[in-house]
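Below are two complexes that have chain A in common, paired first with chain B and then with chain C.
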Partner chain A sequence: MAQEQTIAQKQYLTPFNVVAGMIIIVGLVLTILRFTKGIGAVTNLDNNNPWGLWIGFDLLCGVSLAAGGYVTSSACYIFGLKKYHSAVRPAILTAFLGYALVVFALNYDVGRPWKLPYPIFYSQGTSSLLFEVGLCVFLYLTVLFVEFTPAAFEWLGFRKIRNWVLRLTLVLTIFGVVLSTLHQSSLGALFLIAPSKLHPLWYSGYLHVYFFISSMFAGMSMVIFEGTLAHRWLHDKMDDTHLAEANGVVLGFGKAASFIMMGYFGIKIIGIAVDNNWHYLTTGLGLWFFVELIVFVLFPAILYSVGSREKKTLLIRIAAVWTILGIILNRLNVSLIAFNWHLPSADRYFPSFMEIGTTIFIITLGVVAYKFVVTRMPILYEHPEYKEDH
Partner chain B sequence: MEFFTLHDFMTYSKGITYLVMGAILIFMPLYWIYLTDRDD
Partner chain C sequence: MAISRRKFLGSLGVAIGATTSGALSKAYGASNKHFKGHPDSFGVLHDTTKCIGCRKCEQACNEVNALDKPDRPFDDLEVLDQKRRTGESIYTVVNKFEGNNFAKKQCNHCQEPACASACFVKALTKDKSGAVVYDESLCVGCRYCMVACPFNVPAYTYNDPLTPKVTKCTMCLPRLKEGKLPGCVDICPKEALTFGKREDLLKIAWKRIYKRPEHYVDHVYGEHEMGGTNWLYISSVPFEQIGMREDLGVTPAPAMTAGALGTVPIVVGLWPVLLTGVYAISKRKEKIALQEKQVAVQDATDTATQKMNAQLKKLRETMTKEKEIAVLNEVKKALEEAAKEAQEAKAARSETADTDANAVDDTVDDAGNKEE
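The block that comes next holds the complex of A and B.
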């Protein structure tokens, strides 16, 4: 009996659980501080920098990296690439958790969570891009939730309702693509209102196009990265179909990401040419722009291309991580680093350790929720009772 | 490069843009061929 208890304790006291538990405890303390002492007590935000890490990382990076949901489901259900079917459920789950955490994180920035439904149901600011973003995220989170439910219903044994929801797949996928097109681009368009604040190399009349196009390869890279992690840590949860299709997903998405990234690189150059911003390239921030574009777009695009041509999945997996870092860098550049670039350094923003701590807390919540779902529901494997349905 | 009128600026910047677009239009199909020529 005592031995069984010790084994059970050991199962819970894994390094992952201990570290995640500590981060969550710290995060809860920070949450109490945020909602009792106000936003000024925990952040370095001021009138010059009203948007900080929570918007730049949690929202902008969160939404772009959650794009794997619409990319994968549209590849499978709209373009008919059924060989990527095994990647759809993990991608939808990641997207759902990603968007849910974006909304969760937004509460820290905005405060007053009970007023979250106001822009949708009470006072619509229809002339504001933020309203459009809010409406799309609200609708898309609902779509993702419905798309995710068949896995939960299979787990719970609700066959009838699961079959009914499954009939909506194509409609939901189309709806998801439309909504993603709208809000991914609108997040970039938010910065169109600040041409004097954003550095000319990042500011462009095509900012919304950049955000949308980059979200596509961000989503693909995230699917590859997440698949790699699942392969490494949740191998026992994957069935033969998932294991057999994993390399095909990596090669196919790697090739597509490479092509889109090259196109993205091209339209970024067009952006410089249209505004005639060539002379900024020789400045300090110009070099930083080069780092973003050459090191974090062109280089991973080439890495992806070599990997998919030579069928070297390791190269593609490295390129995926590289691309994700590049997307994070791009979003942070637009929202923080190249924003208010003309201000003296004393007035520039750097996040407080409590902001960084809250962000780590939110990411940890996502990882814990992902692990909870994946270890229980048929995400990385097909439920044995529903195999004939695919 | 100095510009004295908006027309000068637009002629120059659009001229360069069209050259870049032309280069991209030629490059992208070639890049697609490079990516896919070893497909089964």
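The block that comes next holds the complex of A and C.
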């Protein structure tokens, strides 16, 4: 009897659970602080810096890194690349959790979160790009939820409704790509209204195009990265098909990401040329721009291409992590680092520990939710009862 | 066509649904209309050369808007030594600059306000009186207006946990409706502030510059900045030296986002068409590949069968031939044997004539059996 209990305890007290549990407890304390003392009590935001880490990371990076959903599902269902089929469900799940957490994080950042439905249902400010973002994120979250449900229905054994939802796959995928195009680009276009605040090297009339194009390789890199983690920790949950196709996904996405990143590098240069911003490149922020573009776009693009040519998946996996860091750097540059660049350094923003803590808390929630779903529902394997139908 | 009717109708539904939701956003990019501001809208002309930095306007503003009292009293002019901006209970500030120049800062009430264009719940609107009005009851608190404002004016009550709001100058719209002047204009002892219709104020401003060109910079700040503002400024020193940005340009904020917003309906209209097309192409390719595979397999099977049949036929022919030869040989052999025996029998005929005839009959029978 006593032995059984210790075994049960041992299963719960894994290092993962302990660390995640502690972060969640801290997060709950921060949540209480945020909603009883106000935004000012937990953040370093001020009147000059109305947007901080919660927008720069939680919203901008969160949405772009959740792009794997539309990239993978469109590759498989629209472009007919069936060999990526086993990558679709994990990508949809990550995207769904990613978007859900973006919306969850917004509840911390906006002043009166209970009014978040207002822009959609009550008073539509259609001239705002944030309206476009809000509407698309709301609709896309719904689409992702529906796309995710077949896995849950298989788990629960609701065969009829699962088959019915599967029939919507193509329409949902197309709708998902339309919505993703719109809000991924609009997140960049948010900053078009403030040319006087964003550094000219990052401000461009193409800002929305940059955000959309970079979301593609952000999504692919996340699929590769997440697959790497899943192979390390959740290998036993994968079926033979998934394992057999996994390397193909890595090689294929690596090659595609390399192509798109080269194109992205090109249009970034075109952006500088169009606005004739060359002279800024010799300044301090110009050097920083070089770091972002050469070290975090061109270099991983080359890594990707070498990796896919030599069929070295390790190289591609490194490139994926590198690219993700580059995307995070880019989004933080646009929203925080190169934003308000003309202000004296005393007026600049740096996130507080509590802001960083809340962000880590939200990421942890995502990882825990992913683990919960993947260990229960047919995500990394096909449900044996539904194998026949594709 | 590889694409089924149901699937086509489905994607059509996506296109229509998304078009109607996308059509809500106005695309100003296609418009060639030049908006000159609401006619007869009001504004204030701030002649910075007349400002002495007494902070009376700050005090009046604080009182008429019933704002929180600041830590240091309004007659404490040492406050002017540091650069200040508008805050949650400070709708206006006067800053002191080099050469004893002063400039008052508050919401400039843009003709096409960046904040109103950025607001996704229409909590900020441009009133036809000229004031940019804020409706707290709609505000979600996303603070995009603060990001958008080129003059860094709106503030937010960050420390209010339940009812935080954006705060900024209202141009004293409630007072205007009562027929009163804005608090700051009313109190200014040096007539550095003039309230009136924007069009009249522009004329006054240019008249002053025209009359004393040596005293004023040849520019009315706010006439064109960011598409024009209802607050106007004239100065004796370059505006940058009194804390006003000269690099804002003349493009109104909505025009900056018009291009990006304009792509929305196009994406919504064309993406479903393009993607359904891509789907149809990939589906058709798959189908053709399958058909080609079937044809190839059929061809291969046919050729193999034909070849085999031909070989079999040849083999059968050879075998039949060989058999016939064998039979003939046997017959020949038998006949030779028979002939031989007949000769032998001839020689021995004289001995037994009866048995001789029987032997010949047997040999012929044997040959007949073999052929069967």
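By our rule, the second predicted complex is superposed on the first by the 389 of 390 C-alpha atoms of A that agree within 3 Å, B and C clash if a C-alpha of one lies under 4 Å from a C-alpha of the other, contacts with A are read in each partner's own complex, and residues count from 1 in each chain.
To be clear about the criterion, a residue touches a chain if its C-beta (ideal position, glycine included) is under 8 Å from a C-beta of that chain, and two chains touch if they have at least 3 such contacts.
A quick note: this is a predicted structure, and the numbers were derived from the prediction, not measured.
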Exercise. Of the partners chain B and chain C, which touch A:177 in the superposed model: first, second, both, neither?
Worked result: second
Exercise. A:119 contacts which: chain B (first), chain C (second), both, neither?
Worked result: second
For this session: Scan A:376 for contacts with chain B and chain C and give back first, second, both or neither.
Result: neither
Exercise. Once the shared chain is lined up, is A:235 touching chain B (first), chain C (second), both, or neither of them?
Worked result: neither
For this session: Please work out whether A:190 is in contact with chain B alone, chain C alone, both, or neither, and reply first, second, both or neither.
Result: second
Exercise. Quick one: chain B or chain C, who's touching more of chain A?
Worked result: C
Problem set entry | Which of chain B and chain C A:83 touches, first, second, both or neither | neither
For this session: Based on the superposed arrangement, let me know which partner A:255 touches: chain B (first), chain C (second), both, or neither?
Result: first
Seminar exercise, completed: Both partners, chain B and chain C, contact chain A at residues none
For this session: Would you tell me which residues of chain A are touching chain B in their complex?
Result: 255, 258-259, 262-263, 266-267, 269-270, 273-276, 305, 308-309
Exercise. Where on chain A is chain C touching in the complex?
Worked result: 34-41, 43, 45-48, 50-51, 74, 77-80, 109-113, 115-116, 118-119, 122-132, 134-135, 139, 168, 170-171, 173-175, 177-179, 181-182, 185-186, 189-197, 205, 207-208
Exercise. Quick one: in the complex, what on chain C touches chain A?
Worked result: 7, 10-11, 13-14, 18, 21-22, 24-26, 85-88, 114, 116-123, 138-144, 146-148, 150, 152, 154-156, 158-165, 245, 247-249, 253-254, 256-257, 259-261, 263-264, 267-268, 271-272, 275-276, 278-279, 282-283, 285-286
Seminar exercise, completed: chain B residues touching chain A in their complex are 1, 9, 12-14, 16-17, 20-21, 24, 27-28, 31-32, 34-36, 38
